Amino acid sequence: MAEPKLKAVLLNCTLKRSPDVSNTEALLDIIIGNFDQLNVESEKVRVIDHYVPEGVETDLGKVNGKQDEWPKIYQKLLDADILVMGTPIWFGVRGSIAQKVIERLDGVYADTNDVGQFPMYNKVAGVAVTGNEDGAHDACATTLYNLGHLGFSVPPNADTYWVGEAGPGPSFIEAGGKDHPYTKRTAKWAAHNLVYLARILKANPIPPDGNTVEK
Amino acid sequence: MAEPKLKAVLLNCTLKRSPDVSNTEALLDIIIGNFDQLNVESEKVRVIDHYVPEGVETDLGKVNGKQDEWPKIYQKLLDADILVMGTPIWFGVRGSIAQKVIERLDGVYADTNDVGQFPMYNKVAGVAVTGNEDGAHDACATTLYNLGHLGFSVPPNADTYWVGEAGPGPSFIEAGGKDHPYTKRTAKWAAHNLVYLARILKANPIPPDGNTVEK
Amino acid sequence: MAEPKLKAVLLNCTLKRSPDVSNTEALLDIIIGNFDQLNVESEKVRVIDHYVPEGVETDLGKVNGKQDEWPKIYQKLLDADILVMGTPIWFGVRGSIAQKVIERLDGVYADTNDVGQFPMYNKVAGVAVTGNEDGAHDACATTLYNLGHLGFSVPPNADTYWVGEAGPGPSFIEAGGKDHPYTKRTAKWAAHNLVYLARILKANPIPPDGNTVEK
Amino acid sequence: MAEPKLKAVLLNCTLKRSPDVSNTEALLDIIIGNFDQLNVESEKVRVIDHYVPEGVETDLGKVNGKQDEWPKIYQKLLDADILVMGTPIWFGVRGSIAQKVIERLDGVYADTNDVGQFPMYNKVAGVAVTGNEDGAHDACATTLYNLGHLGFSVPPNADTYWVGEAGPGPSFIEAGGKDHPYTKRTAKWAAHNLVYLARILKANPIPPDGNTVEK
């Protein structure tokens, strides 16, 4: 009997608007290649192409006359088993779009799943980071920790990143980062471990024991 | 039939030598209280009371004429299902003993388990942090991320911390932090989720598929 | 003979749109009170009330059909002697608006002053941070370091912050943070030291020796 | 008339004990080369070669039967105009020796200079960081911010670092980092700006106005 097909959402938090080429997307595509082999359905969302105002609630309604589009993205997260946050590094930390996404996820804390836990319980999270240089550890650590607070579980080696040497230099695509041994290997590890942990949490959901939200 | 009893090791990375009273230990004891109720065996190790020189290998042998005691602590980690790192905050980040412990764990990368993964696979990790003020997020994020790289899995809400208001002020014990609602609740959540994830990973170990170490 | 009047720009990077009350602004006002006594002219800019798209250049032109308003804010920085970045903490780090502002300042690297240094040379920078809890050190450290890379000098004790105890709780204004001894004292220290260093750098500008930009 | 000769202390916080070759020292030597040209007297201290127990006071007396050697290093800092902290990156952040040094500097807060400020007022600080990969921004930002709290001033571009590409790889010396354009340039910038700011602060010390320690 086939295992149920898992769903992954990959949020690309690049600062570049379509149709500009995104290095972060190129790294996410490597993860998707691994997900494909593991029978996981992947959906990419390039956040900057949507109208997502800054804020800390799930639905901000109309802001400056335009409808907040975050609720549609949030629904994709609710429907998924796996979240991968992809972000560029700017000034040594995750980019502003990634930070904005995390802030919008503050709305999670106002919500619960059927058994009274945060709605992200039993989902897993990973991170993919690209930058010319330096800052991947900080971007990964901050993001995985934030997602853990929101209810996601994090398997071992749940991140992949590529950075170049100190100082300005070529970006992921130009530098041929997709063939960088460390980045390739960690993308594979992350994908495999995310999928495995998602499967066993789906089969064995965390019981609402000692971890439900007090109203 | 009884479930197998899980073992937890709690590393207290306080800067205070015994018999000085450690605030971090007081927070770890709250987690242990939860572990007790969940039928988990706990062992505390106060690292500063042992001779653990700085370095990045598992066994440094004799350093300045004294035998490295880290290998004995490392063995406890290998034998445990759950690791909780407890650290004070100093200058906004985890203390130097916690940093030293993480550095000594670099030796993990030279080792594998029976199936070729990092030896910390199928173990889970959490963090407990105390400080007069500010820095818990950084200490938790850095530590959980490092432990994830080393092979540990991290359940949701795997950390608990107590900090006071901005600036100098009383520490955890003096401030009555053990009764602080957020700290109590998060200690309970962390304990329950660590135990649950440890149990399901013990029953369903991560297969050596896409995540083994290439020699 | 009177000293020349210094100018300070205080960027409020709150996520709240006017006319909502901003806690970060309330802390910036304490600094302004100090600046007033020191004969410094202050101008506050609430960034979220302006159209500042994400990007890494000084002038993005029209984005989604609207004119980028960052160049006008950037001009204020060029005209000022002192910059104070004010930011809330979200998820343990500086907010997304602060991150966006720093990213837009990447345009600085494409520019030089009259003698070939980064245009922010001979200006000084400070930081003001508010949050319900935890994260001020990270927000301050990241921001001051980034500003130092961009050419700002940083005097001792150049930051002030207020945070409450661990977990959710009242914000700066509600908690009476303006009377918090540490926050009051550090706001005063920061203001005095920023003004003094700005004055001596104005009188003794850093010579273009060993620090000019190679084209 | 000659300007007074400035003194710089460079603390090498490598984890390697003498006579092992230290990559961090190799980077510090580049800064010293610049200091030599600027008529600054340099003294290197390799902290791990001294007995410096963990703690947060200036003088711990005898610890485990041996005399604390930190007070002698601390005296060098008091006698210097410039401090450069050199640290390797381990697990994405500054190493444990650098963290320990910062913790020992907590003793500064119990002390004042002649006019009632923290004793590090009118001194300047910079940072030099080496690592196989990733983490320099975090190590620099944390360290410069901590030193600023302790009373040091920070000129623009006060840091230099070298890191390689993502993942394991050669270290600074092996990789020929001393010829890396970014690292060379930033070492020069840092040296020049540290020396200039130290000179003008020596000539124009920060007055004890609004920044003295209340007892």
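Labels A, B, C and D are assigned to the chains in the order they are written; within every chain, residues are numbered from 1.
The working rule: a contact is a pair of C-beta atoms (placed from the backbone, for glycine too) under 8 Å apart; a residue touches a chain by one contact, two chains touch by 3 or more.
Please read these numbers as outputs of a predicted model, since none were measured by experiment.
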Angle of rotation relating subunit C to subunit D [CA atoms, steps of 5 degrees]: 180
Pair joined by the larger number of C-beta contacts - B-D, A-B: A-B
Greatest separation from subunit C - chain, by CA centre: B
Inter-centroid spacing, subunit B versus subunit A (mean Cα positions, whole Å): 25
Distance between the centres, which are taken as Cα means, of subunit D and subunit B, whole angstrom: 30
In subunit B, residues with contacts to at least two other chains: 91-93, 137, 141-142, 145-146, 149
Residues of subunit B that touch subunit D when the two form their complex: 15, 17, 48, 54-56, 63, 90-97, 99-100, 102-103, 106, 142, 145-146, 149
Complex interface listing, subunit D residues touching subunit A: 91-93, 133-138, 141, 161-168, 177, 180-183, 186
Partner subunit C, residues of subunit D touching it in the complex: 34, 118, 120-121, 137, 140-142, 144-146, 148-159, 185, 188-189, 191-193, 196-197, 200-201, 204, 206-207, 209-211, 214
